[in-house]
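The data blocks that follow each hold one structure.
Here chain A shows up in two complexes: once beside chain B, once beside chain C.
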Partner chain A sequence: MSIALSRNRMLAFSLPALIAILPFLGACFYIFRFSISGDKASIDGYSIKAYLDLMTPFFGRSVWVTIKLAFIATIAAMLMAVPLAFLLTSLKSPLARRILTVTILLPLILNLLVQAYGWILLLGPSGVLNSALRGMGIIERPIFLLFNETGVLLGLIQTSLPLAVFPIVSSVRGLSQEHLEAASSLGASQWRIFFDVTVPLLRPGIVGAASIVFAFNASAFAIPLLLGGRRVQMLGVAIRDMISPMFNWSGAAAAGMILISLTLLILVFSSWLVRVTSERTRG
Partner chain B sequence: MSLKISRRSVLTAGAAISATLAAPSILRAASHGKLAGKEIRILTWSDNTGLAVLENIAKPFEELTGARVIADRTGSTSEMVAKLRAAGDRPQYDIITLAGVGAVELAGDGLLAKPDLNKLPNLEDVDPRFRTGADGFGIGYLLWTGGLIYNTKTFKEPPKSYAEMWDAAYKNRLFLPPATWTDALDTIFATDIFLGGDGTNSEAAFAKLAELRDSVLTFGENPAQLSELFRSDALDIGGVYAPAFYAKELADPANSNMGATYDVDEGFFADLMYTIMPKSKPGDDDAVHAFLDFTLDAKVQGVMAEAVLNGPVNQKAVMSEAAKASPFIIKPEQMGEKAIIHDKAFIAEVRETWIQKYTTTLS
Partner chain C sequence: MRVGLLPNEGGGTYRFTMLFLATIGILISSLPVIVVTIMSFSASDNTGFPPTEFSLRWYADVIALFVNEDTSSAQSVVDSTLTSILVAVIVMVISTLVCIPLAYALVRGQRKIREGMELLFTLPLVFPLVILGIAFLLIAESLRVEIGIWRIVIPHLALVLPFVLRNCIGAMNGISIELEEAAISLGASPLRAIWDVVIPLMRAGILAGLIFALIISFNEFTITFFMYTIDVSTLPIWMYSRTVSSLDPSTLALSVFIIVADIVLIMLVDKLIAGRANLF
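Up next is the complex of A and B:
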């Protein structure tokens, strides 16, 4: 009885959030419907032509670049996030903890456009790095870390880092000290404890964080647009180009559906991975 | 003969002089009153040429007539066409200034109204070749010209051919126009011309352009960013692009490193910009025609030419001696055989396909 009441209450409290999600689901359905429209510019009839039209080397390259950059950025973000999460949980001073938390959170607080321009100010042809190198006489003309895949990668790693850190922080806080102490008392080295005890216990958090970071990076738009110099055609940019200048609405919708499917596939795969590895760890 | 000055004659003469001196302001006040309270919605470019429209046309027009000009700004003719098409028979704008090909497409879609030429007295001073276009739906506005932009540090003499863009020495120091701009269509044309064609063989041009895929540093969607890239010595050459964006930079090559040339073997591109009125426009017809006429005013045309290096179509355009002598402002009388003027009907037909191919070839 009390559980039923509690569920009803939860449902009532969740109602505003569920209503807020509805338009998004509606938009997803609308995009799907557009992707199977018989007309490029409006929803009219049914056809899978928009999907067939995407079977081109151009779109294939775009999917490949998206997966490649999102994957590399995710690995890099995770490698940076784990030590940061440990550092954050180990800090005793509340002030130091707050300062570090805010610093990590900054990319989420600041507008993506501002962050992209920050990178341009640092690494652009007349940015801090190039000016310093030219001032020292090391280079004559600017080196290019932006307007290419390197620039986009830097931007993706930096903007997605907080999404990687905080899920891992929760996992680190949930680490059982008893397990670690037991391993230590049995004579395991620090590295052995880390790889055989800590990492398996953190795995659900790490995989969860990685899937969020991957989804965020795969659907990136502003960063590849601004730091890629219109040359790094990730899917977000390709979809934008299909709408304008190509005016291919159904094609853009089909590409959007492929991006959504790709991201969902990665999320399903990662949750399967968590389940399987957790079972193995328990076993 | 004696001159008799009476009190009456002094008063009469004084009144006459006062009336003469006050006439312009009375006329101005009269016209001010005529359009006061009227609103005109215009769509113009988001770059500095659009800003020049606001400063040199919209603002003085408001001061002169009392009408209010509400401006919306967007990036390219393609986007203007898309906006008007999306609005269908309920356009938000009274006046749009865009490239000729856009006017032809929109006229073909039946989305435009024909301006009443009797309400455009300034049209009499416009070069007869550039008065109207797009089947009478467009009114000539200014000449938009495109050539090569180059780094004055790299090039001691201006480049003579678009073929320079394929020189391996400029790899990763090259820019091209963005796909949505008419300059991109010019670039396809220029490529075919230097390959020996007449500009319309897009297959050959795209095959050649594909060689530039790994050489392009950026697409010049943001003219200000391009000027920064030239200033920092990151770019060597690019085109087809309009010097119009760089009136200040071209006047100071020592600091900007920027030069521009129309003197290219394959020729330079000239496109007549049109002012168009959408059918079922929301604004008052007289106010809209007054604004349209004002864009052709000799003073306005001169000021615009100096501000953004557009070629004036008004033959009586009031310009400084420096502007008259400027190699970057192409006047109608200078349009020799080197000026390439597109067949707008042909461009309108191939535009979408070319934009798509340009994007997929070079991205």
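Up next is the complex of A and C:
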């Protein structure tokens, strides 16, 4: 006897969740519709004027800053995520593992304000770092790390690190011991094994994680708002400024569509990259 | 012989580099939280480091804030906290109730449908929150109906669905179809088999999803930043409005309460899924 799901029951089981996600899909469509609206403040007619109006040096700079910061933060996060994933999977004590898991995961989940407070206390003119450096006599006047790109970068790395670590942890768990043992018994050094065996085997996991981290960082809002001030105009903040002092709703929607396209492009490109490279490895 | 990715001895520069990078990662993850915690015990009014004296005065301030109703500000911290908790609980219950049947349908259903649906329910995870906030705001404004607390619940729901669904699917994956068939062959109806056999077995995953939904909604800032009104506002928004101009040490003490609550809840999730499933 089988209990294969009938089409109707399958639909009935899925329906509540589909209703719950419907407002989200509605919101996606609404933004798209608004971005091609003929009017700045309401949906009326069709026009691509909102997009054309974005072709300014100011918006171009904003796109550039977004791509630059998201890219650097992604590279930095991946450099730390791989060793952290190795550490997390090689810890024997369950308690140590749990503490490390919580330490890494907390920044993604914890109220972003609390983390911004932490960075302000650390990097501010009378903060931990400046006091320590001054105490040691390395600097005389405080160095400015806050309300510029450095502060935003650190915040981005911190909040996106968990998104990098945990997917790599699951790839590391799936790593075959035989490959590593074979390389090691043939006398390969640790670095050799790392670059010639481990990294190629982990590549799909690493590329997938990196693309999600990039998308997450490119669409960051609270971190650049709280740590960058008005000075670092990443797209998220620039979009907010379009609606808050300027009430340019269709412009904000168009800028939003550009941001979405940017993140989707990266996600699609990375999944293509994974497919191509894994085919080459197999062949 | 087991070849570790992090050798215990030897390894030279490899081991050193890996541990060095991991240490920087741990420092970047934890330092902000540690500094907030230390400064919340400072006795002075400013936030200079290191604190010269320690005291619990800011904790007393936070408790006083909650006990003595503050009438000077438009939105009291008590109201914001209650709204935050109410929103988080509604989001938690609804998201779990809709994800359990969906997880069942996806795991037992066709592979193709499952892949598409999983993709659909991952979208909110990578979708820029600012744009989502603006879109929900525009929709809420154009509705011209007062929906009260639901203006925050509905966007939060979209945000937590990916996390809850993953936990439910993870729990459902481990349950073999034979157990259900056995129950049915003993005379149970298919729905009864789900209720009495499958759901109890899914319990750990369901609980993990519940807690995940609770903490994500309770800590959410970006979308709420666009959606809040004078009547419906949450704790993170209250904290933001209080610290727009300068950082007040009592807010740090309040932050420590939130940090502790989050750590306890994450520990609980980690214990519940105990390495069987991935966190996300």
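We take it that the second predicted complex is superposed on the first by the 254 of 283 C-alpha atoms of A that agree within 3 Å, B and C clash if a C-alpha of one lies under 4 Å from a C-alpha of the other, contacts with A are read in each partner's own complex, and residues count from 1 in each chain.
In this text, a contact is a pair of C-beta atoms (placed from the backbone, for glycine too) under 8 Å apart; a residue touches a chain by one contact, two chains touch by 3 or more.
This one's a predicted model, so the numbers in the text were calculated from it and none came from an experiment.
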item	value
First, second, both or neither for A:194, with chain B first and chain C second	second
First (chain B), second (chain C), both or neither touched by A:212	second
Contacts of A:126 with chain B and chain C, given as first, second, both or neither	both
Contacts of A:268 with chain B and chain C, given as first, second, both or neither	neither
Larger contact residue set on chain A - chain B or chain C	C
Chain B versus chain C as contact partner of A:34, first or second or both or neither	second
Which of chain B and chain C A:96 touches, first, second, both or neither	neither
First, second, both or neither for A:139, with chain B first and chain C second	neither
Touching partner for A:247 - first (chain B), second (chain C), both, neither	first
Overlap of chain C and chain B interfaces on chain A (superposed complexes)	124, 126
Residues of chain A touching chain B in the complex	56, 58, 124-126, 130, 141-142, 144, 147, 229-231, 233, 238, 241, 244-248
Chain A to chain C touching residues, read off their complex	1-5, 9-10, 12-14, 16-17, 19-21, 23-24, 26-28, 30-31, 34, 79-84, 86-87, 89-90, 98, 100-107, 109-115, 117-122, 124, 126-128, 131, 154, 157-158, 161, 165-167, 169-170, 172, 175, 177, 180-181, 183-185, 189-191, 193-194, 198, 212, 215-216, 218-219, 221-222, 236, 239-240, 243, 249, 252-253, 256, 259-260, 263, 267
Residue numbers on chain B that touch chain A, as the complex places them	76, 78-79, 82, 172, 178-180, 216-219, 221, 228-229, 231-234, 352, 355-356, 359-360, 363
Of chain C, residues touching chain A in the complex	1-7, 11-15, 17-19, 21-22, 24-26, 28-36, 39, 46-50, 94-95, 97-99, 101-102, 104-106, 108-109, 113, 117, 120-121, 123-136, 138-139, 154-155, 157-158, 161, 165, 177, 180-181, 184-185, 190, 193, 215-216, 219, 221-222, 225, 235-236, 239-240, 243, 247, 251-252, 255, 258-259, 262-263, 266-267, 270-271, 278-280
